[in-house]
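To start, I am sharing the structure in question, which I have written as structure tokens.
Labels run A, B, C, D and E following the written order; every chain starts at residue 1.
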Amino acid sequence: MAATDNPILRVDGLQMRFGGLTALDNVSFTAGEGEVTAVIGPNGAGKTTLFNCITGMYRASAGRVSFAGQDISGFAPHRVARAGMARTFQNLALFPGLNVRDNLLVGAYRHGASGLIEGAVLGPRARREQAAAEDRAAEILEFLGIPELAEAMPGELPYGRQKQVEFGRVLMQDARMILLDEPMAGMSRPEKTLMVALIRNVRHRYGVSFLVVEHDMPVIMDISDHIVVLDFGRKIADGPPAKVQQDPAVIAAYLGSEEAGQAVFAGAA
Amino acid sequence: MALNGTPAADTPLLEVRTLSVAYGRKAVALNAVNLTVPKAGVVALLGANGAGKTTLIRTVSGLIRLHNGAITGGEVLLEGKSIAGLSADRIVRLGMGQVPEGRLVFKNLTVEENLQVGGAILPRATLAERLDAVYDLFPRLAERKDQAAGLMSGGEQQMLALGRALAASPRVLLIDELSLGLAPLIVGAIYQQLKKIREHFGTALLIVEQNARLALGICDYAYVLERGEIVLAGPAELVAASERMHESYLGARAERQAAAG
Amino acid sequence: FESPQDGVYEDRIDWGVTGDMSGPAAGSQHPWVKGFQSRMHLVNEKGGINGRQINVLAEDTRYDAPSERIAYEKFASQTPVLGMSGMGNSSAQTALVPMINRLKVPVVGTYTTAKASVEPTNPLIYGGFCGFKQMAQVGVGHFANSLKLDKPKVATVHLDVASGVEFNGYMDEAVKKLGGTNVSIPIKVVAADATPQVLALLDAKPDFVAIHGVATTSLLVLKAMQQYGVDVPSFAITYLGTPSVYQSVGEAAGKNYHFVSCFTPASAASPEAAADLIAQAEKDGHGALQDDINFVAGWVVAGLVAEAITEAGEEPTREKLVEILNDGFELPASGLSSKLVYTSKDHEGLKVLQPIGYDYATKKFKSFGDYADFEQYVN
Amino acid sequence: MTSVSTSRTAMPIDEFAPSAPARQKAAARPLRWLWLAVAAAVLVYLPFVLHDRAILGYRLSNIQLLNVGLAQLNLTLIAVLGAVSLNYLTGCAGLVSIGHAAFFAVGAMAAAATGAQLGLPFLVSLVAALIAGAAAGVLAGLPSLRVRGLYFVLSTMALHFIVVFAFSEYQYAAFDVFGISYPQPAIGPFALDSALKWYFFLLPIVVLCCLACNYSLKHREGRALLAVRDNEQAASSSGIDVRVLRLKAFAFSSAIASLAGALQAYYLTTVSTELYSLNLAISFIAMIIIGGMGSIAGGVVGALVWLLLPSVLTGFAGELGAAGGGLAKIFVEHRPQVVNLIFGSLVAVLLIFAPGGIVGAARKLTKLVRPGAEA
Amino acid sequence: MLVQFLLTGLALGSIYGLVALGFAVIYKAERVFNFAQGILMVCGAYLAYTATTQLGLPFPVAVIVIIAAAALLGIVIQFLFIRPLSGQPLLPVIMITIALSIILKALIEILYGVQPKPLATSLPTGVLILGDVRLSQLNLTAAVVSWVCMGVFFAFFRFTKAGLLMRATADSHEAAILSGVNVNRINAGAWAIGTILAVIGGVFLGQIQLASTELEHIGLLALPAVVIGGLQSIPGAIVGGILVGVIEQLASGYISPKARDVFIYIPLLIMLLVRPWGLFGNRELGRV
């Protein structure tokens, strides 16, 4: 299994309880460097919770997370980000009061060091960082094919575009690993296709690793090297797409077998 | 472009006539849209992001003003009577249910309370019966009766939103992006439930869906919206078979490309 | 003759008034401004002063120091006035003293007198209200005398703000002079109840009580005293001399409650002395205010101003006005106030006070004699 | 509006386009300088107009000058500092505070301790006020680590009452009941002893503070602040330490407010605890709402409107009342109340019809008039 | 003495609690932090003045008139000021309630003048003597009324459909509309209730003191009361009010009246840091 050869992320016995509910129950897996790892599972299985525990949004009840050789268990979100991990959110998380370019610029935060006062007095370092970040943002907007939207406010954009902007902000972080929570929900098929291409591209150029939650099975089968399946907070399968797809437990819990599954699977390559 | 065939001609349940809608002063979101939902019919509204699907739903349900939009032309008829000027809650009480985009549940209320609010327009006696029917459709909701809705997962909230709309026993149900964020199994199951809803309750459905294939699988009739205009309309099979549909929405070609690249 | 930079024109003289007309002290300062304006209406109706109408420019300063500052500078140069009256916030007044010395607009008839305005005597500032010191002296003197107390035990309920602390200081002084003791009992401006204060009173067992505050303070203290059966006489500072307190505490608690004042409410004054005031108040729609001590005070101060302007002659200027006032100026007791004296060393003005009570049967105020009878207590 | 079209030509997926960044430069540069020069000229000439009550020798009536005087202008400048700093905190950092008057009190206390008690020079006590304000700001910001929204608002209200209590204890213990008196401020040999001198001392301070706030928002941490306001979670997952940044913003904002408090105390020569009422704090909130939240210009405009409007209204009410008539009688009788009534209604109308404040409304207008142009 | 302080604090605090309860109802329904609650209380005192002194109505009639007028006032306010701002963030809504209080205060001063008015109603004004402890019957009546109101509203929100709809509307405006709820009517109802409660408190306070716009500041004490009790909690408002009343008595009695605010706001601060949702409130639900 490729993932374990060269893991960038190692999740070990992760557990998360909310009152009486165990949202994550002793989940362990690894994600390989430069690979796309998918997390799938029925609604409420704990996928978002898993993301939240890894990125420090929630403090796990038990278990460890190590990233790029560093133990990041219990890190606050910003420290996780600074360690080189970036994420998007299930229900979109943009800064509605900032235009698209500024949204992207926030992504460059971790590469700078200048403070409030330095900015206030136009200190040289602040200006330098600003210029560098702006150049980078322009590049990324170009890359996403939306340079003309730099001045637009995110609220004016359609949902799919907003998702792209969020992705752009994540790219600004130059992270080693990117966590995407349902990046393609609400997108049309051609847009999904473009998004898939984007993910591929980023991964190949920069060797960025991805951890992706997505319900669109064709897409998942298409892009992932490795799939982790959760159900009721427990890991029920873990392996390459072809194998997971055949796994009876997965079919029973998630994919379904009869017409329902067919409808969804009709587009699979 | 209209493909052959129109829905049943006798007074349709819901009819949208040359409807135009704009946000703010200039942002035209819908342009002279015509659409019909027959009694107990299932109609799908397809289209890319930003095509105006949500706008259409909001206009029909009267919520558009809450989102700073305004009707600039045309009318909306429910059983032949214009409802364009009515307040959204009036429209709901006239029998129009809605499952909005992005799961608007009452986060601080329990599942049960959410459903009770949904059915608040019903008399007390029928309400209990109706709630049982909803729980039958979604056993997961029955399990979580007393949980606060805000703590449920995305998919569970989606079910709740659907359940809440059904609790009011609407004659026509507007559903915006039902499959968004739902696991395939659940999507499949819910679509099965939609069929049941129509059969059991005779509820007409207007379904907005990104997943064209899924929607075409259950609807009688489909409309395709592009940049605020209907560009394709016709019976489901015909729409599904059309060249344009294949190119843009069912994505056969694009997918093959992606797979190759 | 015209002197626009001093607010004197062919046909009118501009005169400034500041007061809290919509802020926390409006309950007492608003009637004062109204009294001032009413008196000037009367002056104007009688032909003004030397052919000039008096034009009152009233600024609402909301008990706020910056507003007071802005208003003063306005009066100095923006809409220049010959002089001004009012200024009812002692902190603002303290803050303004340097500005007054620089801009030299005389303040004739202050509503309250801050220490910094009178020590040392300032040629530009003239008191127009009874001083806290005299209130304490007359109140203590009168009660000690009429209750035949040797070493009076006194309790002073006062607000925990600047003027309250000051008043309590004067009470200490006045009581100590008689060899008695004074207990300070602070209370808040915004209070819903005076139970803690009255329990402290129960503890102190005073022979009589002095009250400093706003109308509500008196009311709460009196009601609580009644509730806890503290039956001792009390007196309040001048500002509290409004009928509403008496009316709402009722006779049982109100008959033993007095206030000390250098002004006489219309109903306690002789009919002839009060006739003008009552007629004019009715005319201006202030009938309800005629018995309010603050209205009377404003009325009296406007009279003082009119008299000073008259004496300044055909060609009044700020300088001339100051000269007149600073050089030994007297107004005899009018029936509505005690006599007013300014000397170059003393600008306090109204120094003699009398205790005043309320007669529930006639719904009128009553005074306990003549101002002259109480002169003995003041020094 | 760009909408997704199905026949889109493919974006350069396989190619990064390292084209030169199209950073927008203001096309109308010279015009902008011209505007700036005009604004500067007006600001410099304005105090002379108010002082002489005339423009170029042509006398103006009080109403023509909107019943505004120089002292009022100076106090307004100080209030601008308060409003701008609150807008930085509330509009930009998203921390709603009704404790802003407390920082004015902190500044006044710091100035009292250094200037009035220790006799240190004026400028030194201003610096002391800045430092004390920053320190108090950090303390006041601590609850922001725990609570959000309304709960935080209430913690600032608690702060207000606690600081005011401290102020009055300090005042009564170290000074007298009438207030704290400040020495005559002077910069070296130059005494600030007239309204004109004060104006030219205050103006650059205010301009610099506004610029500083504005610039900080256009750079790394300032922008991060806006991000935190808009979406805390997304901000923290971009590497922003939300807690520390909030405290920094608090310190920055309250340092300016505290400076303003010290300046106000010196300007008024004596201040007392009653000055720092909840109403003062509320008036700062009103200013930023009226002007427009989240922009520095909003703070400036709001302070001008809030402080100058009542005086203008009072001026006109006076004129109207003099005109006579039935309604005019109410005007004369209840002028302060009528002014308050009109004023409160104006605020309400603004809130209802221009939720972005005056600045927001102006921006919308310019967008309508010149599409594509940003104000 | 301690017992006396405690009991007086309890009785007085019940009035704060009553005002706080009105505050909590409005907050619960519409998420509006109503700074005008204090001036609404003042309106109560003046309404009572008009009804009893100016119109000379018999007390029971006056009570009905006052309550009807209060409900109308609340509905009008909601219609004119609050409805247009629905969906706006925290601060503009706080601000419009402040603007509202400026407007109401000015109107009252124009209509009634700035001098306080004595208020005389037929509420019992005597003294109840229990051993060493003396309690004003007025305060006791107020306490009883507050407790009754608390019980009524607790039941209302818990067990009635209108209560459920009110909670739902508070949660999500849009979702409530989509459920066929006439949210305008619900919100107007909440304002009517909130105003009635403030007005009742105002009648009591006006009677204890004078009808005066300065009563507004006492209304401000309802703010810490609701927070300590829990912003949306019905019993919390009353208990918070009582706590504030007791603290006020103890601080004024044993330390100094000046320290009162500090002793009220420091516990508030501690409460915010330790248990921000208050003694009786619920945690706001939130998840990423």
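Quick note on the criterion: a contact is a pair of C-beta atoms (placed from the backbone, for glycine too) under 8 Å apart; a residue touches a chain by one contact, two chains touch by 3 or more.
Predicted, not measured: the structure shown is a model, and the values here were computed from it.
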For subunit B and subunit C, the touch-path distance in steps comes out at 2
Greatest number of touching C-beta pairs links chains A-D
Dist(centroid_CA(subunit A), centroid_CA(subunit B)) in Å evaluates to 29
Distance between the CA centroids of subunit C and subunit D (whole Å) is 38
Rounded to the nearest Å, the gap between Cα centres of subunit B and subunit D is 48
Subunit A to subunit C, mean C-alpha position gap in Å, rounds to 74
Among subunit C residues, those touching two or more other chains are 21-22
Multi-chain contacts in subunit D, i.e. residues touching at least two other chains, fall at 1, 3-4, 6, 233, 337, 340
In subunit A, the residues touching two or more other chains are 48, 57, 89-90, 156-158, 160-161, 188, 190-191, 197
Contacts from subunit E onto subunit B in the complex sit at residues 87, 161, 164-165, 167-168, 170-183, 282, 284-287
Contacts from subunit B onto subunit E in the complex sit at residues 61, 63, 66, 87-90, 92-93, 98, 100, 104-109, 113-114, 116-118, 120-121, 148, 150-151, 164-165, 168
Subunit D residues touching subunit E in their complex are 90, 96, 143, 146-147, 149-155, 157-159, 161-162, 164-165, 168, 233, 278, 282, 285-286, 289, 293, 330, 334, 337-338, 340-341, 343-345, 347-348, 351-352, 355
Seen from subunit D, its contact residues with subunit C in the complex are 51, 53, 62, 65, 67, 69-72, 75, 172, 176-179, 181, 195, 264, 268-272, 274-275, 311, 314, 318, 333, 335-337, 339-340
Subunit B contacts subunit A in the complex at 27, 48-50, 102, 151-156, 158-159, 177, 180-189, 191-192, 210, 212-214, 217, 248-252, 254-259, 261
